[in-house]
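In the two complexes that follow, chain A is the common piece, with chain B as its partner first and chain C second.
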Partner chain A sequence: MIPVCRLADLPRGEAYRLETDPPVAVFHTDDGEVLAIDDTCTHQDASLADGWVEGCEVECPLHASKFNLRTGAVDAPPARLPVRTHQVVLEDGVIYLLLSDAPPNLPPCAVARAGGGFA
Partner chain B sequence: MKAVAVVGASLAGLSAARSLRQLGYDGRLLIIGAEPHRPYDRPPLSKEFLAGDIDEAALTLEADGEDLGAEWLLGTAAVGLDRRERTIRLGDGRTVRTDGVVLATGAGARTLPECESLAGVHVLRTLEDARALREDLARGGRLVVIGGGFIGAEVAATAHGLGLEVTVVEAAPTPLAGPLGQTMGQVVCELHADHGVRLLCGVGVQGISGGRRVDEVLLADGRRLPADTVVVGVGARPCVEWLAGSGVALRDGVECDAYGATSVPGVVAVGDCAAWYDPTAGCHRRVEHWTGARERPAVAVTTLLHGGAAAPQLPKPPYFWSDQYGLRIQFAGHAAGAESVTVEEGAVADRSFLAVYRRAGRPVAVLALNQTRLFTRWRRRLATALPAACSS
Partner chain C sequence: MPTTSLPESLIATLPGGYYTSPETFAAEQEHIFESMWFCAARSSDLGKPGAYRTVTVGRESVLLTRARDNSVRAFFNVCRHRGARLCTQESGEVSRAFQCPYHAWTYDLQGKLVAAPNLTKMPDIDRTAYGLAKVAVTEWLGYVWICLADDPPSFEEQVVGEIVARLGDVGAIERYAVADLAVGRRIVYDVRANWKLIVENFMECYHCATIHPELTDVLPEFANGYAAQYFVGHGAEFGADVKGFTVDGSDGLDRIPTVAEDQDRRYYAITVKPQVFVNLVPDHVIFHRMYPLAVDRTVVECDWLYLKEVVDAGRDLSRSVELFDRVNRQDFAACERCQPAMSSRLYAGGGVLVPSEHHIGAFHDWVHDRLADRLPR
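Moving on, here comes the complex of A and B:
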């Protein structure tokens, strides 16, 4: 389990970007849920932690595709692939992450970067 | 309603078709498109696709395996609408009967008279346009872009990245002054100079010359710009000629109320072809942005299926983005009518900043260069702020 931050340090409506590889975004929704997904949009290189959260959906800050924070499903173009979700554990007021071992759906540009190449 | 025809098979048309099914409409659904293609995404045509970073498959707008249960009539334009017979006439001679109509015919690139006859002179609106331009840019050499708007600027930036020698010619004293205002239009157009792209402002184009292929652009002040390739980026006009005489009221585009209804019952309009009434500004405006074409169809389709019973929801302020020289430009709201614009974060000189436009002390628009996180917050704040006045 990876410790993220104290729950008290992540106000409702805010997101925290964890600099793992690839990075993970942890959201505290307005309804008080804490949910985690891959931070990089599946369309292009945008950080979903910078996005617009409404209910349990985040709208990509660039081209407005919306991802469900619970399932990772994408509702509309331009993104066409779901984003990977991660399990969140709350213990003694601290947020922990259990990283998914499913393959991520990274956009072409981010894949090139992670691989050390420069497309 | 037993049959609905969506005219225009691009972003707004596809979004409308999706909304129809989401709202439970299970009748006949026809999607009529002048282009032979399934819906594809246009913004990359001046950016990643033109640069050769992504291929055509990446442009598709439909999800894998998505099935809307629609009949696609592609490669044929609608040429007439008969409101009494409730029919649409197609260019190939067919006629389709329908109970409801969604107009989503978008806009077409404006051109200059010389465009047709000379090789090497391009506009950029369709996939075919982009393929042809990409091929010509691969020849290298000198590119002249006529028009310093967003599409012109993006083409200039992409071509510069491909190694071409680029000049942008803009008739107005400041490019982008319309959408961004004078001050910020000036800031954003300085990006060209940052990268060694020449920008000539306040001078019109007299003509384009050449034999079979273009070789020069002639300016109104007598200067001649040698050119191997020319891109004409002088805006777009709504594709509504085919509706003349149909009874659908037209202005700059199809005139709609605040929920997409046209002057003809059972006919709504969305996307770049539609001029919706903006209640906060008290006038009609045609919004030529991707997000508008994607979000408004849900409202228009509700109008179509349930009459005027659409939820009176305040629309989000219009939002668009542009990518130039590796910088992310984002804008939301209306710059027209703003009395001041101030940089609230970062610095113009660093090409990383956020600027807020205000009218009577209240924010009406926000512009960001490489400030995505802060921009999202401001965009949200704007959604609850005061109306902007209409300029036109």
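Moving on, here comes the complex of A and C:
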């Protein structure tokens, strides 16, 4: 189990980005649920922790793809592939994660293509 | 300047080139419009968080919006990445952020950079330092005033001071409760004339009896050619048979209750340099802002402000609005008649001001001071 932060330090409506590889976003929803998914949008390299949460959905800040925080499914394009979800454990007021061992759906990495011209 | 000496009754205007030279206009943009407080929008144009307007101030485009905490914010409308114009619409509403249409750098309503492709791979990018560049902003009289200067002048001195100089004290305008009034009507005029011709026109009333028959009927003293602005604290009195400040002298709308007895049945006019004109009458306020866009083009946005309950009740404002709408059209037509002649060889040395216009000379001195040694030679 990986410790994330104290529950008290993550107010409702906010997200915490855990610098694992790949990073994970932990959300405390307005309804009081704590849910974790991969932080990186599957469309392009954007941090979903920087996105906007409504209900149990997060909207990517770049092109408005929506992901279900419980299932990781894409609820709105342009993203096509789901993000992974991770199991959250609350113990003594501390948030812990059990990371998924499924392969992540990472976006094509622009950095790797640096030097190549593509308009 | 005229080379011959003038008869005593006359003083010189600015030379014609001041109204036609792109270099002079560029100097004015920099040393007047980008250096002083500039009235950019009505606060109610930014009715809720995310509502925005873009306005041209000097050579810059400025983005105005309202943040979640309800404060008004102003930014350079320039993406911090590679300079794309962030918002191209004149007005609109975003739900939570401004996003650059080029590479999707995304800024929240306080200007902070909240997202960008690969941003988390560049943790050394400070999200505030690379947020939208802020412009000084304040609200007064229900308007949003901005200043592009790095070190803005005192708002009290520049703006409030000018109103005090004209009306005698700030209480005189406070009695019109301008911030609490509602916009009953807005008309935008696209005037093909230099902004200074419009200021000069607004400052004098030598033309009133000739081009403003309706206004002179309502304010008979205007026929003597002296503008209401000529004397400190003076308001032009309505004619004896005039019921209200309307196109036909018929009844106006409900009087603003805090207007003082000695302000009743009077018309006051104020010029707040460089680009605001205000008219005060007992039942409404007419608030003009000029947006100079080119040496020979000025957009004038004019609001007619009434008591909120008058506007909410859908009262008929047409005769009230029509009086000053006609005045504006008459004035702007006169300015547009002058503009083409400003480049005439005959006008190279400028024209002349008669005694009832001599106070315009102070405006010209002010322009000279602002541009002193800053004009290209």
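Side notes on the structure shown:
By definition in this document, the second predicted complex is superposed on the first by the 109 of 119 C-alpha atoms of A that agree within 3 Å, B and C clash if a C-alpha of one lies under 4 Å from a C-alpha of the other, contacts with A are read in each partner's own complex, and residues count from 1 in each chain.
Everything below uses one rule, namely that a residue touches a chain if its C-beta (ideal position, glycine included) is under 8 Å from a C-beta of that chain, and two chains touch if they have at least 3 such contacts.
Predicted model only: the values in this text are computed from it and were never measured.
Look at A:23: by the touch rule set out above, it reaches chain C but stays clear of chain B. Of the two partner chains, chain B is the only one touched by A:108; chain C is not.
In the superposition on chain A, A:77 makes contact with chain B only, while chain C stays out of contact range. Of the two partner chains placed around the shared chain by superposition, chain C is the only one that A:39 touches, whereas chain B remains out of contact. Taken together, the two complexes place residues 46-47, 50-52, 61-63 of chain A in contact with chain B and also with chain C. Interface residues of chain C, counted against chain A in their complex, comprise 96-97, 99, 104, 106, 114-121.
Within the complex, the chain A residues that touch chain C are 17, 23, 39-40, 44-47, 50-52, 61-63, 110-111. Interface of chain B with chain A (complex): residues 11, 14-15, 18, 41, 43, 53-54, 58, 60-64, 290-291, 294-295, 319, 321, 328, 330, 372-373, 375-376, 379-380.
The part of chain A that touches chain B in the complex is made up of residues 46-47, 49-52, 61-64, 76-78, 80, 108-109, 119.
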